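Quick heads-up: structures coming right below.
Look at the two complexes coming up: chain A is in both, with chain B in one and chain C in the other.
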Partner chain A sequence: MNAPLIWILTPFLSGFLILFFLHRRFSPLIGGAISMALALTALIFPIDTALLLGSISIKISSSVQFFGRSFSLNTADGPLIAIIYGLAALWFFGTEASGSANRFVSLGLMIVALLTASIAVEPFLFAALLLVMAAMLVIPLLVPLYQKPGKGAIRFLIYQTIAMPFILFSGWMLAGVEASPGDLGSTIQAGTILGLGFAFLLGIFPLYNWIPMLMEEASPYVTGFLLWALPTFTAIFALGFLDRYTWLRTSPQLSYTIQFAGVIMVVSGGLFASQQKHIGRIMGYAAIVETGLFVLALGLGSLEVVNITFLLLIPRGLELAVWALALSIIKRKAYTLRFNEVQGLARSYPIAVGALILAHLSMTGFPLLAGFPPRLALWQELARQSLATAFWVFVGLLGLLIAALRTMAVFVMAKENKSWEWNESWVQAAMLGVGVIGLFILGMFPQVLQPFIINLPALFEHLGQ
Partner chain B sequence: MFIDITPWIAVGLILITSTAILGNLDWRISLGALAVQYVAAFWLVTRHLPFVMGSAKLITGWMVVAALGMTCLGLSTAEEYKKGESALPRGRLFQLVLIFIVAMGTAGATPRIESAIPGLGYPVIAGSLLLIGLGAVHLGLTSDTLNVILGLLTILTGFEVLYAAIESSILVTGLLAATNLGMGITGSYLLIAGTMPAEMEDEL
Partner chain C sequence: MLILISCLLLFVTALALIVLQVLQPNARYAWLVAVGGASLALVSVFTWFTQIPFNLTLPAWQPHTVFTIPILFHADRLALPFSLSITALTLTVLLTAITRSAITNSFTWAGTLALGGIGLLAVTADNPLTLLLVWSALDLTELVTQLRSVNGPANNEKVVIAFSSRAIGSGLLLWANILSTARGNIFDFQSIAPDSGLFLIAAAGLRLGVLPLHLPYSSESTLRRGFGTSLRLVSAVASLVLLAHIPAGSLTSTLTPFLTGLAVVAALYGGWMWLRAPDELTGRPHWVISLAALSIISALSGNPLGVVAWGCALVLIGGALFLAAAQLVWVDYALLVGVWSLSSLPFSLTASAWLGNLGFFMPFVVVAQALLMAGFARQALRSAGRIALESQPGWANKIYPAGIILLVFFQLLLGLMGWDGALQVGAWLQALITSLIAFGLIWATPRLRVLNPVRAHWVNATTSGLGTVYGGFWVIYRLLGRISNAITVTLEGEGGVMWTLLILILFVSFLTQGTP
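This part shows the complex of A and B:
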C-alpha cells in the first residue's frame, strides 16, 4: 500500500464516483464515511512503519513517483492528514443538514484530495499548481447552474490564478538568492514576488474583497468550506517556504512585514465586521481576521511558529463549520441574511442562533471556547515581541466582539408576544450540538489536541526544532 | 538571419492577437485570435522545451478554445451571446494607449530581464511580457465572464512561455496543461451558469 494512493487518489476517485454514480441522498453519508475512514486510517496506521496483523505484515510506503517527481507523505504527516480528513468528514456529514448543493460532497472530496497532494508534492513549490486546480473545482460549488456568476466568484478565480505564477517564479528566484545571499537586489525582488503570490492566495489586505462578496452571493456552507480549506493548506504551504529558505526564516525585515500585513488584516477585518448589517458578511470578515492571525503566527520568527499555527488551524475548521451550518439553516428562513430580515429569529431558531453566536464568540477569542487557547498563545508570543502589535490585535478582536453583540441583539429583538419555537430538524440540531460541544471541549480542555499537534513540528526540518 | 527573425514573428503575432482579443466584442474573433496566440506561444516555448512538450501545450490551448467556442456557440443559438458592457473606458484610443504602454514597458524590461537571467532570449522574454501585460490590461478593463477567462488564459500563456525556459519538468508541464484545461472548463461553466432553470440543477 502507498500513502499518496490512499490519501490522494482514493478520495479523488471516490469524489468522482460519487459525482456521477451516487444518488444525492446518500452522498453526505458515504462521503463523510470515506473521509472519516481516511482520518482513522491515518491515526491508526503509521506511514512507513511495518505493522503485524496476525500473520500479515502491513506497511504503508511513503512515496510514489509520478512523471519523474515524487508525491510523499511521511510518518509526521499522519496526524495532519487525520485532522484534515476528520474536519472534512464533519463538513460532509453536515451537508444534508445545511441543504447544500448536490455536488458539495463529491467535489469537496476531490478538493481535499488535491489539497493533500499539495502537501505531498516534491519539490513543494509545485503545490501552487495544485492549489489553483483546487480553487477551480470550488467554482461549480460557488456558482449554481441556475445563478449568474457574481463578482465575488470571478474575483476569487482571478486572484487564485494570478497567485500561482508569482509563487512558482519566486521559488525559482529564491533558489538564486540562496546561491548568492549577499545580492540585495535579487533578495528584494524574490521577497516581493513571493509576498504578492501569498497576498493573492491568502487574501491579504486589500485583496480579500471577494470574501464578503461571496458570503452574500453564494451558499454560506460552501463558502465556509472554502474559507476553511484553502487558507489552511496555504498556511502549511507558507510554512514550507519558511522552512526551506533560511533567509526567509531569519530576515527580521520580512518578519516585520508579515506581522504588519497580519495586523492590518486583523484590525481592518474586525472593524469592518463591527459595521456590517449582514450576518454572512460578518462571518466573511471573521474569517479574514482569522487568516490575519495565521499571518501573524507565520511572522513570529520564534520557535513557536509551527505550534501556534496548527493550534489556530484546528479550531478554525470547527468554528467555521458550526457558523456556516447555522447560517445555512437561517438562510432558508431569511434569504438575504440582512439584519432587518433576521430580527427576532432567536425565538424561531434558538439552536441555530445559539450555535452561530457561540461560533462567533469563539472566533473573537472568548474564554471557554475553542478560539481562546490559540489566541492566548499567540497573544503571549506577540506581547513578548511588541506590545503595540498585541494591542492592535486586541482592537481587531474587539471589533469582532462588537459584531457578535450586535448580531445577538438583532436576533433577540422579537416581538413581546412571540412564542418560542423549534424549527430546526433533528439532524440539524444534532450536528449543531456536536459542533458546539466540540467548541467547548477545545476551549476548556485544549490538551485534547496535544496528541495531534505534538509531532507536527517534525513536518518541518528547520522550523520550531 | 531567418533563424533570428522567426521568433520575432511569433512576438509580432502575440501583439496582434492580444490586441484583437482586447479590442474585439465578437467572441468568434476573440477565440480565433486566442487559437493563433497559442501557436505563437508554442513557437516560443519550443525554443527551450522539446517539441513534444511544446505540442502538448498547443493542443491543450486549442482544446480550451474548442471548449469555450462550443459553449459560446451553444449560447448564441439560444440567444445571441454578447460580451457584457463595462463601466470602464473602452474607447479604441484608450485601448491603443494601454497597448502602447505595455509594449513600451516590454521593450524597456526585456534587456534588463535578459541580463538578470541570461539565456532566456529576447523574443521569449518580450513575448511573455506582452502576454502578461496585455492579459492584465484585459482583466482590468472588463468584468464580463468570457473576457475575464480570456485575460486569465493570456496571462497564464505568458507565464508558461517564460517558465518553460527555466523549468522543464514533465510534471509541471502536465499540471500547467491541466490548469489551462481547467480554466477553459471553468470558463465554459461560468458562461453557462444562469442560463438553466433551478430544476435542471437538481437533475444534474
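This part shows the complex of A and C:
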C-alpha cells in the first residue's frame, strides 16, 4: 500500500464516482464515511512503519512517482492528514443538514485530495498548481449550473490564478537568492514577489474583498468550506517556504512585513465586521480576521510558530463548519440574511441561532470556546515581541465581538409574547449540537489536540525545532 | 480535592434533579434531593477549615511551552468566607423555595445548585485565566437564563447589553494579562505587574456596573426572588473576588483618586436609590452597585481584605433580605442583624472594611454606608407584599425561617472567625459616626418626603446610564461605519479590482521603502 494512493488518489476517485454514480441522498453519508475512514487510517496506521496484525505485516510506503514528480507523505504527516480528513468528514456529514448542492460532497472530496497532494508534492513549488486546481474545482460549487457567476466568484478565481505565477516565479528567484545571499536587490525582489503570491492566495488586505461578496451571493456552507480549506493548506504551504529558506525565516524585515499585513487584516476585518448588517458578510469578515491571525502567527519568528499555527487551524475548521451550517439553516427562512429579515429568529430557530452565536463568539476569542486558547497563546507570544501589535489584535477582535453582540441583539429582539419554537430538524439539531460540544471541549481542554499536534513540528525541519 | 468534592456535590445534585424531572416529573422528593445536596455541599465547605490552604489543579493545557499558566483553584482563608457565603445562600434559596409558587420546578433548583458550583469555582480561582473561564461560564449561564425569562424586544436588547458590559469587563482582565506578559511577568495574582492593577479594578468595576456607573441588570426578569437572587449575588461576588486578589502595591497610580471618586459617586447613588426603593427586589440592582462600589473603594484604599467583608455582606445580608418572602415578625427582626453587620462596628462582619486610607473621600463613604444601612433597615421592616405562612403546610413554617436564620447566623459567624482579617475592632469611630447617621436617616425616613420611595430614577437599567459617554462612542462608531462603508463600496464596486491593485502597489511600495 502506498500513502499518496490512499490519501490522495482514493478520495479523488471516490469523489469522482460519487459525482456520477451515487444518488444525492446517500452522498453525504458515503462521503463523510470515506473521509472519516481516511482520518482513522491516518491515525491508526503509521506511514512507512511495518505493522504486524497477527501473521500479516502491513506497511504503508511513503511515496509515489507521478509524471516525474514525487508525492510523499511521511510518518509526521499522519496526524495532519487525520485532522484534515476528520474535519472534512464533519463538513460532509453536515451537507444534508445544510441542504447544500448535490455536488458538494463529491467535489469537496476531490478538493481535499488535491489540497492533500499540495502538501505531498516534490518539488514543493508545484503545490501552487495544485492549490489553483483546487480553487478551480470550487467554482462549480459556488456557481449553480446555468447561472451567471457573481462578481465575488470571478474575483476569487482571478486572485487565485494570479497567485500561481507569482509563487512559481518567486521559487525560481529564491534558488538564486540561496546561491548568493548577499545580493540584497534579488532578495528584496524575491521576497516581494513571494509576498504578493501569498497575498493573493490568502486574501491579504485589500485582496480579500471577494470573501464578503461570496458570502452574500453563494451558499454559505460552500463558501464556509472554501474559507476553511484553502487558507488552511495555504498556511501549511507558507510554513513550508519559511522552513526551507533560511533567509525568509531569519529576516526581521520580512517578519515585520508579515506581522504588519496580519495586523491590517485583523483590524480591518474586525472594523468592517462591526459595521455589517448582513450575517453572511459578518462570517466572511470573521474568516478574514482568522486568516490575519494565521499571518501573524507565521510572522512570529519564534520557536512556537508551528504550535500556534496549528492551534489556530484546527478550531477554525470546527468554528466555520458550525457557523456555516447554522447560516444555511437560517437562510432557508430568511434568504437575504440581512438584519431586518433575521430579527427575532432566536425564538423560532433557537439551536441554529445559538450555535451561530457561539461559533462567532469563539472566533472573537471568547473564553471557554475553541478559539480562546489559540488566541491566548498568540497574544502572549505577540505581547512579548510588541505590545502595540497585541493591542491592535485586541482592537480587531473587539470589532468582531461588537459584530457578535449586534447579531445577537438582532436575533433575540422578537416581538412581544413571541413563544419559543423549535423549527430545526433532528439531524440539524444533532449536527449543530455535536459542533457546539466540540467548541466547548476545545475551549476548555485544548490539550485534547495534543496527540495530533505534538509531532507536527517534525514536518518542518527548521521551524520550531 | 475538597474543592472538587464541594463543587461536584452541587453539580451532581443539579444533574440528578434534571434527570428526575425528565424521568419522574411529579417526583415529590425532588426538593429533598436538592436540599440534601446543598446541605452536604455546605458541610463539605466547612471541612475546608481543617485542610486550608490547598489546591485543585485541572489537567494542564498543552503544549506546555505555549500555555504556561495552569487552570488552578486555591482554597485559603480568603476564598473560604466567600465559599461559605455562596453555599449558605444556595441552601437558603432552596429552603425558602417552599414559599414560592414554582415549588415543583426542579430545573430552577438545578440552576441554583449549578450556579452555586460555578460560584465556588470563581471564588477559588487562583489566577486570572481561571477566573476568566469561570466568569465566562457565569456570563453564558446568565445570558441564556435571562433571554429565556424576558419578553419583548427592548428587554431582550437590555439582556444583550448587560452581557456586553460583562464581556468587555472580561476583555479588560484579558488585556491586563497581556500587559503583564509584555512586562515579563507571569500573570497570577501574586505577581501582577504594577500597571495591570487598575485594569483589574476597571474589569471588576465594569462587570459590577460601578465603573462607569450603569445598571448592568434588567429588573424585568420573571425569575426575581429565588433563582434571580442567586444569579445576581453569585455573579456579583464572582466579580468582586478579583478585587480581593489585587495587591495594594499595584494600585499606586495617578488615576487611583479618579477611580475612587467614580466609585464614591456610584456608592452614593446606589445607597440613595436603595434607601428610596419601593421594595427590596426593585432596589436590588442598587444594593449590588452600592456594595460593589464600597468594595472597590476598599481595594483602592489599599485594603483588599475589606473586599472580602463587603463581598460576604453582599451575599449574606442581601440574600437574607431578598429571600424573605413570608411574613414572620421575629424573622423580620432577625434580619436587622444585617444592619449591625453593615455597620463596620467592632467584631461585625464588615469591621475590617475600612483599614485602608480613605483620605479625602472618607465623609462621602460614611454617608454612602449610612444610606445603605438605613435602606436595609427600612426594607427589612417593610412587610407589604410578603405572603402569610399560614397558607403553607406546617413543616414549611419551620423550614422557611430556618433558611433565613442560616444566613443571619453566617453573618455573625464570619464576622468572628471567617478569615484572617476577621474579629477586628476596625475603624470604630468612623463606624460609630456611620451608625449614628444611619439611625438618623431611619428616624427621618417617615418624616421627610425626600427620603420616601420613588419609582423613577435617573439611571435606567443598562441603556441610559452613561448617555454622554455612550453618545460619544456612538459618534465614533458611526464615523467608522461611514469610512468602512466608503472603502467597501469602492473595493467591491465595478472598478474594485483596479482599486485593489492600486492599494496593493501602494502597500508594497510602502513596505519595501522600509526595507534597508
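Simple rule for what comes next: the second predicted complex is superposed on the first by the 463 of 465 C-alpha atoms of A that agree within 3 Å, B and C clash if a C-alpha of one lies under 4 Å from a C-alpha of the other, contacts with A are read in each partner's own complex, and residues count from 1 in each chain.
FYI, contacts are C-beta pairs under 8 Å (C-beta built on N, C-alpha and C of every residue); 3 or more make two chains touch, one makes a residue touch a chain.
It should be emphasised that the depicted structure is a prediction, and the values quoted were computed from it without experimental measurement.
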item	value
First (chain B), second (chain C), both or neither touched by A:F20	neither
Touched partner set for A:A346, first chain B, second chain C, both or neither	second
Partner chain in contact with A:W426 - chain B first, chain C second, else both or neither	neither
Which superposed partner A:I158 touches (first chain B, second chain C, both, neither)	both
Partner chain(s) touched by A:M136 [first = chain B, second = chain C, both, neither]	first
Which superposed partner A:Y335 touches (first chain B, second chain C, both, neither)	neither
First (chain B), second (chain C), both or neither touched by A:W379	second
Greater residue coverage of chain A in the superposed arrangement, chain B or chain C	C
First (chain B), second (chain C), both or neither touched by A:Y146	first
Common ground on chain A, meaning residues reached by chain C in one complex and by chain B in the other	151, 158
Residues of chain B defined as touching chain A within the complex	116, 132, 139, 143, 145, 148, 152, 155-156, 159, 162-163, 166-167, 169-172, 174-176, 178-179, 182-183, 185-186, 189-190, 192-198, 200-202, 204
For the chain A and chain C complex, residues of the former touching the latter	151, 155, 158, 188, 191-192, 195-196, 199, 205-207, 209, 212-213, 253, 256-257, 260, 271-272, 274-275, 303-304, 307-308, 311, 344, 346, 366-368, 373, 376-377, 379-381, 383-384, 387, 390, 394, 398, 401, 405, 408-409, 412-417, 420, 444-447, 449-450, 453-454
Chain C residues touching chain A - in the complex, by the definition given at the top	59-63, 65-68, 129, 132-133, 135-137, 140, 147-148, 151-153, 156-157, 159-161, 163-164, 167, 170-171, 174-175, 177-179, 181-182, 184, 477, 480-481, 484-485, 487-488, 491-492, 496-497, 499-500, 503-504, 507-508, 511-512, 514-516
Chain A - residues contacting chain B, complex	66-69, 101-102, 126, 129-130, 132-133, 136-137, 139-140, 143-149, 151, 153-154, 157-158, 161-162, 164-165, 168-169, 172, 186
